[in-house]
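Heads up, the next two complexes both have subunit A, just with different partners, subunit B and then subunit C.
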Partner chain A sequence: MFGWQGVAAAVVLFGIGTLGVVLRRDLVVKLLALAVVNSSAILCLVSLRVRPAAGPPLLGAGATPVMADPLPQALVLSAIVINFAVLALALVFVMRLVEQYHTTDSHRIDRRTRDEDAE
Partner chain B sequence: MTALVLPLARFLFGALTVAVGHGTRVFLVLSAVVDAVLIAGMCTVLRGGACTVTFGGWKGLGIAFSIDIISAAMAALALTLSVAVTLYTWRDRMRPSIAALLHLLLGACYALAFTKDLFNVYVLFELVTLASFLLVGADRRPRQVWASLRYLIFSSFALSVFLFGVAVVYTHGNALDLDAVAAAVARSPGASWVHVAAALLVTGVAVKAGVFLFALWLPLAHSQAPPAVSALLSGLVVKMGVVQLFRLSLAFPLGVPLTVLGILTALLGIVYALWAHDAKRMLAFHTLSQIGYLLVGFGAGSEAARFGVIDYAVAHGLFKALLFLAVGEAAAVVGSSRVERLVAERRLVPRGTRVALAVAILGIIGVPPFAGFAAKAVVESGISSVVIRIFVFVVSAGTVASFAKLWPVVFARSSVRTAPPRAAAYGLLGTAVVLFLPISRAMGPAAVWAATLRGSAYVEALAAIAVGAAAYAWSRRRGPRLPERLFRLEEGVLVVLAGFLLVYALLRGS
Partner chain C sequence: MKTTRIVVPAAACALVGAFCAIAWHGLDGAGPNAADVSPWIESAEALGARNVVSSIILGVRILDTLVEILVFTVAVLGVRYFLELPHGRAAAEEIPESRLVGVSAAILLPLIVVIGTYVTIYGHLSPGGGFSGGAITATGLLLVAAAVGAERVGARFHEGAFERVEWGALAALLVLALLPVPFGKAPFTDLLPAGAAGRLLSGGTILPYNLLIGTKVLLGTWVIIHHFLRHRGEI
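Coming up: the complex of A and B.
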């Protein structure tokens, strides 16, 4: 499943993740859906530059005539770490909201904060 | 080399602040001094012409930092705002963790002003997002936490879209450096990958830049955050998105989409600001309207308009930060940020704060010779289309009309004095707003200024104020109910996708 199949899978995953963010009201599920969206971008980045039958990008002994492009792999590593940090921090904030409002329902939280504003 | 040291010094100071645990203010002052020296050094380099430094040039894939008038202007703006915020919060004894986040935010903003590498832009935007996300929610008040979480979800979603764009660019253009990308785009004009990539990248950046259809998170986050944080978000962080849109517009054919998005953004911002009852919310919507103004300037594409946009971005950063700080203090004293309460209890607002508010309002509505006037005049001299000039006039008048609501706060009899550190913060930003015209005149090309400061510019500025005052009287009498649903998280994410399709369609059509 590489190359164009990977890109197609990335686009499908992006769609699924977006639907999750839009339709699910539970904040934890919403954030997990967001993680799916983030992963889809990563899948797209690695799949677009796949070279068939490429070896690892090493010089010297064991070098193959066609090497995999190392740059997307390096980029993806940073992206994965960043997405992890984003998800972890977002979940901490959800915990704080649950402490206050005793719900993870985004519509309810939205209404409660709006009511506080009106006071 | 300064381009690299500037962000890294901030990161280092941030780490030191946390490690030492006290002496937060010493580090803030020290880092400001270091930055000032570095930026002054950079300006002397700049006199010899713009230059690009490439780090780790591996087969042409190094990370390029460009020192030019844009990055210098943005770095200077970042420094000014950070000093103002430091002074503003001087008495509050900022916690070390918060100060570290502030250093992190500034370091990332410096780097964003310099970088020309698309993936580096992605990483730095994520860094800015994380720092500002934590700063907005730092007081742990539930409303702020919710505003900040929404901001994070929007941002993270948008940056994923941006990453898709990076993947497309790298696949077809074989480069991540914007100059190389521009060359690749020039080689294949009208290719479908160019449209897809441009639409994806613009969507990602537009969410950060406060462009309508993309930045529906902005009014809530900017109005709920503590005043010092709002000032940085509206004054600086949003400008980083604008700078990136600027750099993208040099590589991709974005004239038509940016003009259309600019008009939409400005109109939405003006309409909501005109009938906003909350002063901080009104300021947040005005950020939208002014960003729209900037985009129209990019869309015009002429040399004067481009310079004017940078000029206006800096001017806006200054007076918008001043507005957020002054209104924030007034709201804290009065106990509410609703406009009626502020006007009714204006006696409580300290004198220095009211002076600062007056200077900032005169700046934003473009009274000559304050900052707003000078910058607006340059942008307008670069726009040739009559329709767009009329539109720009309407936006200026709308700005006057909505700030007329706050104007009464300026006049009050009170003997309460502003605390000295805060007065210093207002003094710094206020001086910058007042002296903006001579300073930016020294920096910019002389030909642009000669074409700009004609009698018609003064007449136009005064006419906009007159029309705006009339519009204010009219808007007082009717108050339409504007839809709030648009700003919910769920609808917002869908609207971002709709915005992507709009940009794509405009790119295909143009």
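Coming up: the complex of A and C.
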């Protein structure tokens, strides 16, 4: 396995996530779709540097002579925690919008803000 | 409105296409053509760390990691600011969990805290580090907060002290990064000795960085969890 399966799955996930962000009207679902997009980027980065029969990127781990490429792992490690925090912040903004407009429907919120502007 | 209906899906399709193209292009480096990892191994050996991933994020990529910590801090600050209860308004009523969750939390919390601390401290020797260790420990706190109520857990830990430790960890991270400057060295230079690889006290500044990042991530995550649980069932 040279990683193309992982990349193919990442492309599919990216497509699903992007479609979710664009087509779904519910803000919470949009955020979940954004999380799927983020996961696809992580899966893609890790899959792109797959090395056949590689061991963990630890010195002296022994068993296999080939070591997995540590760079993509280093790139995605902190990204996972940051994504969690940023997603939480986005969810807070959604909560504030829901408190004000009593709906998670982005079209309705859009319409009401336009009405407010017109008034 | 009509233009938006065409432009937005077209932009989304273009985005998916661009992602496909980047992924396809990147596949050249996978498998037998995989990049040489020897520079990373050399840098880990120079730092005295056995975990090559830790030696990258807290070695050559330390500036990037610090900026990511700042992004995390800003996000946590945003959650804290926007979810702060207005003066005089009580938190949403606790939603009681089943007894099963309560008993599981009591059994699992000590284990989770020990594993989280181990993963943080041994981040330079085995898989793990501050990011994962902090997240593991915060998950334990989430379990307890869900089981016995966020307010009761929050009351047990002094909120003000938590905040001071959180900001103190961030300040200590910046001080540790800038400490070499008064000694006439570039920022982020490792001042601590590399030590014998495989020993707990090795890896130079990776261990203190991991401890501080673990503290920061744990407390930041707790702030997010606590604020969300306080508003649970409100909307």
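Methods note: the second predicted complex is superposed on the first by the 115 of 119 C-alpha atoms of A that agree within 3 Å, B and C clash if a C-alpha of one lies under 4 Å from a C-alpha of the other, contacts with A are read in each partner's own complex, and residues count from 1 in each chain.
Definition applied: a contact is a pair of C-beta atoms (placed from the backbone, for glycine too) under 8 Å apart; a residue touches a chain by one contact, two chains touch by 3 or more.
Predicted, not measured: the structure shown is a model, and the values here were computed from it.
**Q** Let me test your reading of the model: by the given contact rule, A:22 touches which partner, first (subunit B), second (subunit C), both or neither?
**A** both
**Q** First (subunit B), second (subunit C), both or neither: which does A:80 touch?
**A** Touch status of A:80: second partner only.
**Q** After superposition on the shared chain, which partner residues are touched by A:38: those of subunit B (first), subunit C (second), both, or neither?
**A** first
**Q** Does the superposition put A:97 against subunit B (first), subunit C (second), both, or neither?
**A** Only subunit B is touched by A:97; subunit C is not.
**Q** Check the residue A:50 against both partner chains and state whether it touches subunit B (first), subunit C (second), both, or neither.
**A** After superposing on A, A:50 lies in contact with subunit C but is clear of subunit B.
**Q** Touching A:116, do we find subunit B (first), subunit C (second), both, or neither?
**A** first
**Q** Of the residues on subunit A, which ones does subunit B touch that subunit C also touches?
**A** 10, 14, 18, 21-23, 40, 44, 48-49, 71, 78-79, 82, 85-86, 89, 93, 96
**Q** Over in the complex, which subunit C residues touch subunit A? Could you list them?
**A** Touching subunit A: residues 8-9, 12, 15-16, 19-20, 23-24, 26-27, 29-32, 34-35, 37, 40-41, 44-45, 49-53, 56-57, 61, 64-65, 68, 71-72, 75-76, 78-79, 82-83, 126-127, 129, 131-132, 134-135, 197-198, 217, 220-221, 224, 227-228, 231, 235 of subunit C.
**Q** Which residues, counting only subunit A, touch subunit C once they are in their complex?
**A** So the residues of subunit A in touch with subunit C come to 2-4, 7, 10-11, 14-15, 18-19, 21-23, 40, 44, 47-52, 56-60, 67, 69-71, 73-74, 77-82, 84-86, 88-89, 91-93, 95-96, 98-99.
**Q** Can you name the residues of subunit A that touch subunit B in the complex?
**A** 10, 14, 18, 21-23, 27, 30-31, 34, 37-38, 40-42, 44-45, 48-49, 71-72, 75, 78-79, 82-83, 85-86, 89-90, 93-94, 96-97, 100-101, 106, 109-110, 112-113, 116-117
**Q** Which positions of subunit B touch subunit A when the two form their complex?
**A** Those residues of subunit B that touch subunit A are 61, 119, 122-123, 126, 129-130, 133-134, 137, 140, 142-143, 145-149, 152-153, 156-157, 160-161, 163-164, 166-168, 170-171, 488-490, 493-494, 497.
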